[in-house]
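You will see two complexes here that share subunit A, one where it goes with subunit B and one where it goes with subunit C.
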Partner chain A sequence: MPDTLFRSTNGLPGLGALGADDISAMSQSAGEPGWLTEQRLAAWTFFAQALPPVWRRTDLTQLQPETIAPLSGIQGTSILADDAVTRQGVVMMPLLAATKSHEALVRQYLGKAIDPMSHKFSALRAALWQDGMLLYVPRGVEVAAPLRVTYQLADGSRAIFPYSLVILEAHAQLNLIEEYTSPDLDQPALAGPTTEIFVGPGSHIRYASVQTWGQGIHHLGSQMIVLDRDAAGEWVSLSLGGKVQHIEAESRMQGDGSAINWLGATFANQQQHLLTAPWLRHIGSNTNSLMDFKTVVSGEGYSVFDGMIKIEHESRATSTRLEEHAIHLTPKARSDSIPGLKIDTNDVAKAGHASTSGQIEDEHLFYMQSRGMSQEEARRLIVMGFFDPALQALPADDLRERLTALIEAKI
Partner chain B sequence: MSNDLIIKQLRVRIGEKEILKGVDLTVQQGTIHAIMGPNGSGKSTLAYSIAGHPGYEVTDGEIWYKGQNVLELDVDERSKLGLFLAFQYPVSIPGLTVNNFLRSAINAHRAEEGKDPKETAMSVAEFRKLLREHMRQLEMSEDFARRYLNDGFSGGEKKRLEILQMAMLKPSMAVMDETDSGLDIDALKIVANGVNALMNPGMGVLVITHYQRLLNYIKPDVVSIMMEGRVVRSGGPELALALEEKGYDWIREEVTTHA
Partner chain C sequence: MVAETTNLDFDYTKYGFRNEERYIFKAAPGLNEQVVREISGMKGEPEWMLKRRLKALDIFNKKPVPITGTWANAELAELDYDKIHYFVRAGERPQNDWDAVPQEIKDTFERLGIPEAERKFLAGVGAQYESEVVYHSLREEWTSRGVIFLDTDSGLREYPEIFKEYFGTVVPSADNKYAALNTAVWSGGSFVYVPAGVKVDIPLQAYFRINAENMGQFERTLIILEEGAEAHYIEGCTAPIYSTNSLHSAVVEIIVKKGAKFRYTTIQNWANNIYNLVTKRAVAYEDASMEWVDGNIGSRLTMKYPSVYLMGRGARGEVLSVAYAGRGQHQDAGAKMVHIAPDTTSRITNKSVSKNGGKTTYRGLAKVAPGATNSKINVNCDALILDEHSASDTIPYIEIEEDRTILAHEATVGRIGEEQLFYLMSRGLAESDAMSMIVLGFMEPFTRELPMEYAIELNRLIQMEMEGSVG
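This part shows the complex of A and B:
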């Protein structure tokens, strides 16, 4: 498996000094197609004019965008493809290059799930993305072993806007791991990733998105899986790193009979603020969803679960369940849970949610200590057990081991 | 140094309420000691107090085992001293597999101060072999080990798992709180056989039960009766048979007349 790492060294001025001219000059000098230059310019104009979104639970006061310089060119994308699958017609390559080699495909899908004009930061991402990946799986092709893309940031005072565009034609199968990693940075940095995944009729995706940034990073990202008729997804979201995280995520069950099974694990310690806003949007009929998110907070960590089940007017016989549970390890740690349910149809098969938060139960600790374990060991086992469903759902042993170690270090 | 469990004038409160009002009890090494008594008489409170439940406040009295003042020991230290409690209501912990739970418990017992836990830990192969043996003896199917601890277990399965833990940890003094409740007659025999197989001259067992039927299989040397926070009567196995026949009223009357 060849590891392709693309790097160059040129950067852009800080966000404060950047203008529309820079955007179009950069796009043109890179030889990008005209429609893309126009898209970037429109997004930049929107960004420059829009007020920041009102995010009551995401504190952006420590982010100083004017001092942060976006990366230019592909600098932090690491794609681990597999020769065998490329021979089956799977395309896995930097998105920037794909805008030329697979222009029609990219043009057809780019920005079609996540509207660049949703708010100021989505527009910023659409204007400035350089790192990124196109992953295309042709009809009927089944990729069982996980394909991996990793986005890295090496330095502070930088911004990276990685863009993953993933397309599965009909009756295809894909197993994808997407990671965000960096060392601890002493200067604030910005990550603005976008992931759009289109799952064709009867196709199946396993998708693990794993955020393990080092300290100092603000992560303002957006992810969406769009499921066509009878398509199914298994999604695991892990949020462990960074300073501030605001992830808008959506499973959109567009086609009849589509389904999602979504597991999440978030651990905020020290002064981390980690927010995830996962949406289950039911549009097709006979669609099924299951969400199970786990949150652990310790130190002065703060975590927000802003989940939503949205059942649209045209959907019939939806079945959905949302669960979110939080454990507080220290008195100063906080978590908010705001699960919502909006139903615009009167034909629902099942809809429910459950949410709990609290400390580890004394009775659990007592039971374990009565078997000889120390209190620390008991707490460790309970937290690891809490995250077990998400960890077990990861498709690669090395990743599971790395994340297990990372979580243990945070306990 | 005595390997008897010695309880003297134990007084225990939960919140404001005094539950144990001066319990005297000795479980001799090598013997099986049964405790019977009406609901609410304080049997589980006694069991929890021996194990060191933080919600039970000991206001007076002593517990001694192996020359140690048990009341000064943390919960995990009591376990390592050889004390074991089979819970009346075991807790379930979703996410934690029986396998991982048992391995951590065993390795906690094997850990030695100043040594790397990795050095003293039982090898995975040895652990698996031991687990398989004991599960076979308790007629538990092997997939129990991969399930989450007591999560969705039936009442009887939970009780069996308590005995599996006891078999794996090999305590020298086991308190079994109503391990027979929830067991069907076949399971009762299996569990009793499991306990009898563990019994040895160095071991003591305190078995709390309401029913003679358990005592047909786990034969007690001594039977004590608890009422209203005290041990009011001790005798031989015939005491349990008398209770089965006559209920508690005659003892209650005797106790009040003597008081």
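This part shows the complex of A and C:
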């Protein structure tokens, strides 16, 4: 089992001083194909010209982008694959190298789900990504054991833009864990991850996305799963670390009969501001989706759930349900929920959402205390029970144990 | 007078008729300081009101048209402010004597059934034809108990102290672009004052009506309930159909003091070319109760989110609303509940129906501010989409800054079930009748809160909207 940490970097100027020439020099000296250099330059031009998006609920005032210097080369991509899997034809390698060894494949899919020109930060990610992974599963290949990719901030680094490109051909199966992690920093740093996952006809993916950055990290990321005909996904999203998080995530049910089951767990404490904007987008007919997001806030933590069920006009017989529940542990904690519905057809089998917010009910605490538990124990048990569906959905025991410990420490 | 059956047996075309324009004063189209000074001067207003208007005009000019953002709508870009008349006066002073009301205006009201309604059980009628109230009556009994029910212009003239104390305190000019516009050019509306402990047991009623091409109507309503007072105010609107865009931008401010109870009922049925951009807000103090019952059937675009700010311990707020959007219509309506004091409760119930390419949007805010402990909020939104050309959005904003809170929000969107239709049709109903019946049943939690006459009128309107639109 090779667990390879790829690292080789050079410093670039801060974002304030960085120019198109630096981007093109970086790309050319790495021997990247011309189309990629052009893509990076176009994205950089967009970034330099675009106004920042209006994000009312994401505070970026502490981030001073002009002082943040990105790196050229890979700073912290750790890929854990299985030799047996490689023998089945699965490709799992750093994305930079894959742009040469699997150029046609990368070119076909890169940026096809998440438009680099969506806004200023998506363009920045597209211009500057170095860390990254290509994961390709050929037709009919089933990978049961979880494959893992971990992105880490290098010592002294204040910016990382990891890019995961995942492609499943027809009738394939994949189990993937993607993690973001770093030590606590005493100054702000910028993480801009992009994850694009293409799930072919009849294929099945289990995908766990785990954010456990250290203090100081501002995570401005985007993730999308595109599901082809009869494809299915089980997605679990955990947001625990960092200073500020703004994740735009989407399950796009493109093909008829596709389905997603999406669990989420967010815990914001101290002064964390964690925002997740998960979208269920129904395009194909007879598509099914289920979303269940749990949020806990304590200290002066602030969480935002900005979710959406979008049913496109051409979709028929959609069935969808979105649930979002927030628990407040302390008076100063704050949570916002915006569970939206945008329905452009009347051919809907079922569409609805539910949202609740509140503290742990006194009765529950009282009941558990009457059984001899301390108040702290009772709270811990209730919070762990609240997050249990998401934790149980994690495909690796060691990860579940580590995250359980992390959550308990936050309580 | 209108025959006894009018309310049950009217035909929709009477809402589409139009009278010849005959006005005593009509401000030049377009909006500038001169227009604002003219309006204020015509009314002989005190200096402070003119200053308030001019300041609001400045705010209106500086604020961008809200086409992107949280409480914005891209369709607002279609409005041409220079083509709107900001003031029209029909007749001289508000009348208390029916005989003195011009025949043309009477005809309009008779076809709307106002005298009929009055004869039956109404206490006060303030009917707005154009920008000012022209007919007004109030039962003597209430006047003697100190209840004031006047058009807003008269309110300012006759009760300047009360007026100055409350005007603009609930909806400040800078609240939004259209509140600023209203403050700059407001005219007409209702002024209601209910003294402490007085319970008004029959609804106060006012009809509004737009009847001039390119004319904006900017009524301003100010309602104050002193401690322990109770009242119910009903506002209904209809408008004839014109080919160019018209703007209706009202501001309604309500103060419900300790232990008082108030309900505000609206049936909005503007013509399908009217932009209806309204700011309605109430503040409810200790143990007070405020209810908005809000029906939106007409207009090209409505943007309206009746709000309750729960300022005192134990205050209660409720919004019960329905929206129906047909061809070319967008009903962008909802509610806002802002919990500021502890032990406050609120409930939002919204039902919407879209058909023939219409769109309904529910937008709401449920906010619990720090310190509003033991707040309880319940939100329910249900949308029916009747055909494949129509659409529905639900965008609830929930902001909780206090841990001791219980919030529950639930929404569903769906179509009429084939089984329901099949069942009704197997009982001999035509498909259109079956659909009508289902839609009326869907809206029933709303209609049952209306006075019977209004419920019948609303049901008739919905049935007419539904007719001939199947298949």
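Here, the second predicted complex is superposed on the first by the 406 of 411 C-alpha atoms of A that agree within 3 Å, B and C clash if a C-alpha of one lies under 4 Å from a C-alpha of the other, contacts with A are read in each partner's own complex, and residues count from 1 in each chain.
FYI, a contact is a pair of C-beta atoms (placed from the backbone, for glycine too) under 8 Å apart; a residue touches a chain by one contact, two chains touch by 3 or more.
Keep in mind that what you see is a predicted model, and the values were worked out from it rather than measured.
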Superposition on subunit A - do subunit B and subunit C clash or fit: fit
First, second, both or neither for A:Ile338, with subunit B first and subunit C second: second
First (subunit B), second (subunit C), both or neither touched by A:Ala104: neither
Contacts of A:Ala409 with subunit B and subunit C, given as first, second, both or neither: neither
Subunit C versus subunit B, contacts on subunit A by residue: C
Partner chain(s) touched by A:Lys350 [first = subunit B, second = subunit C, both, neither]: second
Which of subunit B and subunit C A:Gly385 touches, first, second, both or neither: first
After superposition on chain A, the shortest CA separation from subunit B to subunit C (Å): 14
Where subunit A meets both subunit C and subunit B, residue numbers: none
Interfacial residue positions of subunit A with respect to subunit C in the complex: 54, 56, 313, 326, 328-348, 350-359
Residue numbers on subunit C that touch subunit A, as the complex places them: 68-70, 370, 373, 383, 385-388, 390-415
Contact footprint of subunit B on subunit A as seen in their complex: 361-364, 366-375, 377, 381-382, 384-389
Subunit B residues touching subunit A - in the complex, by the definition given at the top: 51-55, 74-76, 78-80, 84-85, 87, 90-91, 93-97, 100-101, 104-105, 108-109, 148-149, 165, 169
